[in-house]
Amino acid sequence: MFKLNKKDLRTLIIVILLALFAPFLLNPFPTDSALAQFNAGYPDLMQRFVIFGIFAVGFNILFGLTGYLSFGHAAFLGAGSYAAIWMMKLLTMNIIPAIIISVIVAGIFSLFVGWISLRRSGIYFSILTLAFSMMSYQLAYSVLTPITGGETGLQPKVNDPRLLDGALAEGAIPKANLFGLDMSQSYDMSLGAWSFTFNSGYYIAAAFLILSFYLSIRIFRSPFGMMLRAVKSNQQRMTYTGLDPKPYTLAAFVISGMYAGLAGGLLVAMDTQAGAERMFWTASGEVVLMTILGGVGTLIGPVLGSGAIKYMENIISKINSDILHTWFAFLPDGLENVIVAIIYPFIGKGWHLTLGLLFMIVVIALPGGLVEGAQRLSRLFKKGKNKSNENE
Amino acid sequence: MDSIILQILNGLDKGSAYALIALGLTLIFGTLGVVNFAHGALFMIGAFCAVTLNRILTLSHQVIDNTRTDFLGNPLKVDIPYIYDFFGENIGRAIIDWSVPLSILFAIPIMIAIGVIMERGLIRHFYHRPHADQILVTFGLAIVLQEVIKFYYGANPIPSPAPEAFKGSFDFGALVGFDPNTIIYPYWRLVYFCFSLIVIGAIFAFLQFTTFGMVVRAGMADRETVGLLGIDIDRRFTIMFGIAAAVTGLAGVMYVPINPPNYHMGMDFLVLSFVVVVVGGMGSLSGAVLAGFMLGILESFASMREVIDLLPGINQIIIYLVAIIILLTRPRGLMGRRGVMED
Amino acid sequence: MTKSNFTRRGVLRTGAVAGAGLSLPTIFTSSASAFTNEPQGGSVTLGFNVPQSGPYADEGADELRAYELAVEHLNGGGDGGMMNTFSSKALRGNGILGKKVEYVTGDTQTKSDAARASAKSMIEKDGAVMITGGSSSGVAVAVQALCQEAGVIFMAGLTHSNDTTGKDKRANGFRHFFNSYMSGAALAPVLANAYGTDRNAYHLTADYNWGYTTEEAVKDSTEALGWNTVAAVKTPLTQTDFSSYIAPVLQSGADTLVLNHYGGNMVNSLTNAVQFGLRDKVVNNKDFQIIVPLYSRLMARGAGANVKGIFGSTNWHWSLQDEGSKAFVRSFGTKYGFPPSQAAHTCYVQTLLYADAVERAGSFNPCAVVEALEGYEFDGLGNGKTLYRAEDHQCFKDVLVVKGKENPTSEFDLLEIVEVTPVEQVTYDPNHPQFQGGSLGSCNPGA
Amino acid sequence: MELLEIKDLGKRFGGLQALSEINLSVMKNTVHAIIGPNGAGKSTLLNCIVGKLMPSSGSVMFDGYSLLGRSAHEINQLGISRVFQTPEVFGDLNVLENMLIPCLAKRDGAFRLHALKSIDDEKQLREKAEDVLEDMGLIDKRHMKAASMSRGDKRRLEIAMCLAQDPKLLLLDEPTAGMARADTNNTIDLLKRIKQERDITIAIIEHDMHVVFSLADHITVLAQGTPLVSDTPDNIKGHPKVKEAYLGETQQV
């Protein structure tokens, strides 16, 4: 089906199911329970999960297949965001033109950067891409302020021209929509103590993720994908086999740049704001980390990696000492304070520490990233099952 | 003319920091081939060695001064460092005043120890792992180190002045015949510049003229062959890592009077140090030093008013622009060896 | 699935606050709330969005302390702080409108994206009805726009750029903190007084929005008093070493250096300027002077002894001797052991002002709150008589001109107040050129 | 008929004249060996043919096209496949994938953005690849990762990859270097078989005289960057100049 083999089809179906039922899966704890703090099923975070998933899936096409480590992909995400927000300011709040233009702009920009950077390989390539993205950031933050909004970024305003949209009603605010469907529209469902949110923006972003993921599988399994792996494996052999590695690598670079642009456009569509920080080198570094954390070159790894990092950033950082004290209130006072004092450095403002430790633990214990971990678990599980079968 | 000399001086000074950091990085990254994202953190830890020594020297007991009040209107508690009790106030004050230079002695063993522990405990297991894994683990380590420092010292910069004797500046221009006040140069920056030259010279001499250095250089070129000769190259690489950490740490120690240290200063220098090493050329110590000074000087020129007026924003991007131009015209940086980290 | 009802609602019902309604398996209908996150049950949730990581983490921590103190006071705990000195007596220490005040915290990382993500999680997940905090104008403007869209109130924390209540103002957003224009207007006369009207100033300006507005404000007001601006040079935000910007200052013939820098930039540029011995120089027969338009005591600590004798402006300082300030310093100092910063002060005040506006309006509805705050005059919160101007949601109050103290008695005792510039002197027309290009729009209650 | 014709070719590296006045013709459907002592310029010559180096002077014509100024992949597309001294294969890919790549290169040219086709649909190419693997005795290893194969198998795979392109000219750079005698003999047999079964021209650079004299129809001896003599194996054997060139080297001639 969909021209996929059985295994890939299974992966795709898993991703589709995960995306469809994310509102349930991410809200496993009753709303009133102390553990509700760990619920991640609210629209903004769910949107970020899938958007950064798209970013990482695209990045993996370049890094995972060709082995070229770009340290500048955030620039394409940023360029996509700026393009999208300008569409919303000038043309319409409908997200379709914004997303299309963001992919196009990011594609053109990545073509330019890739064309220059791919003259070099290895670390020299990484530094070239880093340099381009840092230049984009520095300029966007300062001298390009009239175009980028600089420090304060860009948001749609009531008095923007918006040629295609009619004048806003008195008191209305411009909202991103898909032919009238508001991105922030949500449906709530309460089931007993649980509550689940179904957000239109999330499902639109999820649809893009599924599409992107499907495309990425197709690319992985295509002759083109094989060529990209050949680039990583042995460029010399490739050249003497009559193949030109450069257009292949450049194509991969541009495709992943367009994925980044799509992610940037979707970020704006879900949350109408674009700022220069998106292009800072740490943002490029983040997608590298997401991909490695999940598993370089695997299909689903980048999605898992981006989920893990965004979860840390948004959930762990919000636990404060007050919440800790409520959790451990059942303990005797002295013990409560000791436990809180032990955990406190790792949560809330210490979330970076937890993130750093996670990176180290994953890479030390699971060389292939989270996907490797999952595989080991399933192997262990299978082994256990086989054993019990034998015993029978 | 005078403004050009002025910016060259500034550039040399900026460049000496870049060169020192890049020298440490190139020992680890350019030659051992480990992508060490924790390198900035080593610089930061060096700086906090100075802060820590200052904290130790100023450990105090409190005396209540009834003549003055604190912000709540209670009698003011005045901190008296224990060191005053031991050595008397004058000597005690002098010791505290000189705490930054004293930190060099304090920092060397600590930084070597940190380097050795890092190599033995972590990096060693990653020599043969993909660069991606090295990035993830060292980035994780950098975050952890940074957060530990933040936990104990807070996020704000901590003022760590130079000794009284080196405060202020001298009129370099007047010395060489320009108008007064055209070329001024702070004493401490001169100290930093000389210090960096000494350290760089010492490292070069060490690698060039000692047997240890020869073996290490041979090991960098061809690890297996040296191993076959029955030489324990691993142990030497461990020591090399310790030395790299010490060089970087010392760059941090001496930097604190120039700019007050904070916990994220390592990240500020991380990208820059990679750029310097790569522009200098992978695997080349002299390339790293040369690129450090060159980028420092170019950065200074780009920050001149006349230049900014001509090319707005040039001061924002000069380093990256130069990096791009050099890498496009010289495929392996200024003095890079073939084949290092090109796959 | 078939058994459950779907209800269509614009924005989310919220979670974290326990409400009687939640325990029932019922579904809220849109009629249940007239506006975003209408508090259900016996409590109301406020969102404190402050930098907890990154360079402003300490400032964020101080803001958070102030918020916790404010919540304590609103709920009737502690000594009541400035609630006792506040001119409005609507707050009674029984929460807000009888609902217990609860709060959630988040990390802005001083990045617009992260700040918005964090604010959105407070609105969508935790049901916060008001968002406050922040330590930079970029974050303030981004979060303010978000709150406008989501239909909650935004009470800005530390944000000094003109834009927050200028070209980027929003109906749902309010700023108590002063701004670049006010700094310039307050500083200029004091500077003219201390250093004369015949000065050549050299500006170093952080190359982003806040830097631009501050440079413009200081330039305009000093030039109006006869100063000459020799040059204004932009410095990158990511700059750490300012030597190459500072060294040429003396050559230019300038006798005054204005550092339009904040935070880490300010600490480093000031340290570098003193290092270069600028303050020991005599140019044009005048002692060379350095000025820092916006002082933050927390960050100034990083510059150590270098701040001594250097003029700047600040929103509030703990050494103020009015009853409000004294009460605040007392409760803050007793609880935490050190005096509050200006960031803590503005955050505390903003929380109280919001609570008070809700009480007076009798509703949490953002539109009612906006109405209650617009044109509201109050006193007793540390800055004397203050007006929340209806046209741009900017507070107008006295501005402090301060100077680095020569003989500090403690690490907190860094600044001394030189002059309290009366509010009339820093008031400007809503259509002032430095503030043009924005429009408040109308309040958005969401839902 | 000449397939490859090199005229007056010279290559200079700075002050060093590495090759000079090389005139050489490789006839169709023959095995042409180029031999010579170390430093004679064999590899430089090879690199000048395949496009890795740009000759300083002279011309290289192949099947009616000039090879000068063409990049390596273009030259391959004209019909010259090359085998390296140490086998170069795609180590991360399995054997079958290694074979599919030259098949694709043959069919689609140097670059094609076939990103949405499935590799599983390339039935024809797969058949072709499997045929060649069968022929080379590698079919049982088709799912093995190339990097984990023995050196001899890698060499076979590399030759198989070249053959999958149906090249007009197969260039072999010391194909038996570093091989045990048994492996060398296998390789010789393999090449002999290829020569017999296929419509192919082979040029071989070799050090090992045993290999050369078992295979070659024509031999060119290179010394100090210039051809010493070019003749049939029988005439080369015992040629005084050749002996002189190899003087001191203990070669079994």
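Which chain is which? They are A, B, C and D, in the order written, and residues in each are numbered from 1.
Please note the rule applied: a contact is a pair of C-beta atoms (placed from the backbone, for glycine too) under 8 Å apart; a residue touches a chain by one contact, two chains touch by 3 or more.
This is a predicted model, so every value here is computed, not measured.
Participant: Suppose chain centres are the mean of their C-alpha atoms. Which chain sits farthest from chain C?
Facilitator: Centre of mass proxy via C-alpha means gives D as farthest from chain C.
Participant: In whole angstrom, what separates the CA-based centres of chain B and chain D?
Facilitator: Each chain's C-alpha centroid was found; their separation is 52 Å.
Participant: Averaging over Cα atoms per chain, report the distance between chain B and chain C in Å.
Facilitator: The computed centroid separation for chain B versus chain C comes out at 35 Å.
Participant: Go ahead and note the Å separation of the Cα centroids belonging to chain C and chain D.
Facilitator: The separation of the two C-alpha centroids amounts to 74 Å.
Participant: Touching at least two other chains at once: which residues of chain A meet that condition?
Facilitator: 138, 141-143, 352
Participant: Would you mind listing the residues of chain B that make contact with two or more other chains?
Facilitator: 312-313, 316
Participant: Give the residues of chain C that touch two or more other chains, as numbers and ranges in rising order.
Facilitator: As it turns out, chain C has residues touching two or more other chains at 53, 57, 61, 207, 234, 236, 238.
Participant: How is the touch graph of the chains shaped: line, ring, star, complete or other?
Facilitator: Topology of touching chains reads as other, fitting no named class.
Participant: Pairs of chains that touch, anyone?
Facilitator: Contact pairs between chains: A-B, A-C, A-D, B-C.
Participant: For chain C, which residues are in contact with chain A within the complex?
Facilitator: Residue positions touching the partner: 4-13, 15-16, 18, 22-23, 25-28, 52-53, 57, 60-61, 104-107, 111-114, 116-118, 120-121, 124-125, 136-138, 141-142, 145-146, 148-150, 161, 163, 168, 207-210, 212, 234, 236-238, 438-439, 441-444.
Participant: Taking the touch rule as given, give the residues of chain A at its contact with chain B in the complex, in rising order.
Facilitator: Against chain B, chain A makes touches at 63, 67, 69, 116, 119-124, 127-128, 130-132, 134-135, 138-139, 141-144, 281-282, 285, 288-289, 291-293, 296, 345, 350, 352-353, 355-360, 362-364, 367.
Participant: Help me check something: in the complex, which residues belonging to chain A touch chain C?
Facilitator: Those residues of chain A that touch chain C are 31-32, 36-37, 39, 42-45, 48, 138, 141-143, 145, 149-153, 155, 157-159, 170-171, 173, 175, 182, 184-193, 195, 197, 267, 271-273, 275, 277-278, 313-314, 317-318, 320, 348-349, 351-352.
Participant: Enumerate the contact residues on chain B facing chain A in the complex.
Facilitator: Touching chain A from chain B are residues 35, 122, 125, 129-133, 135-137, 139-144, 146-148, 151, 267, 271, 274-275, 278-279, 282, 312-313, 316-317, 320-321, 323-324, 327-328, 331-333, 341-343.
Participant: If we count contacts the way the header does, which residues on chain C are in touch with chain B in the complex?
Facilitator: 53-59, 61, 207, 231, 233-236, 238, 240-241, 243-245, 247-248, 250-252, 264, 267-268, 271-272, 275-277, 280-281, 283, 298-299, 301-306, 318-319, 329-330, 333-334, 338-339, 409-410, 412-413
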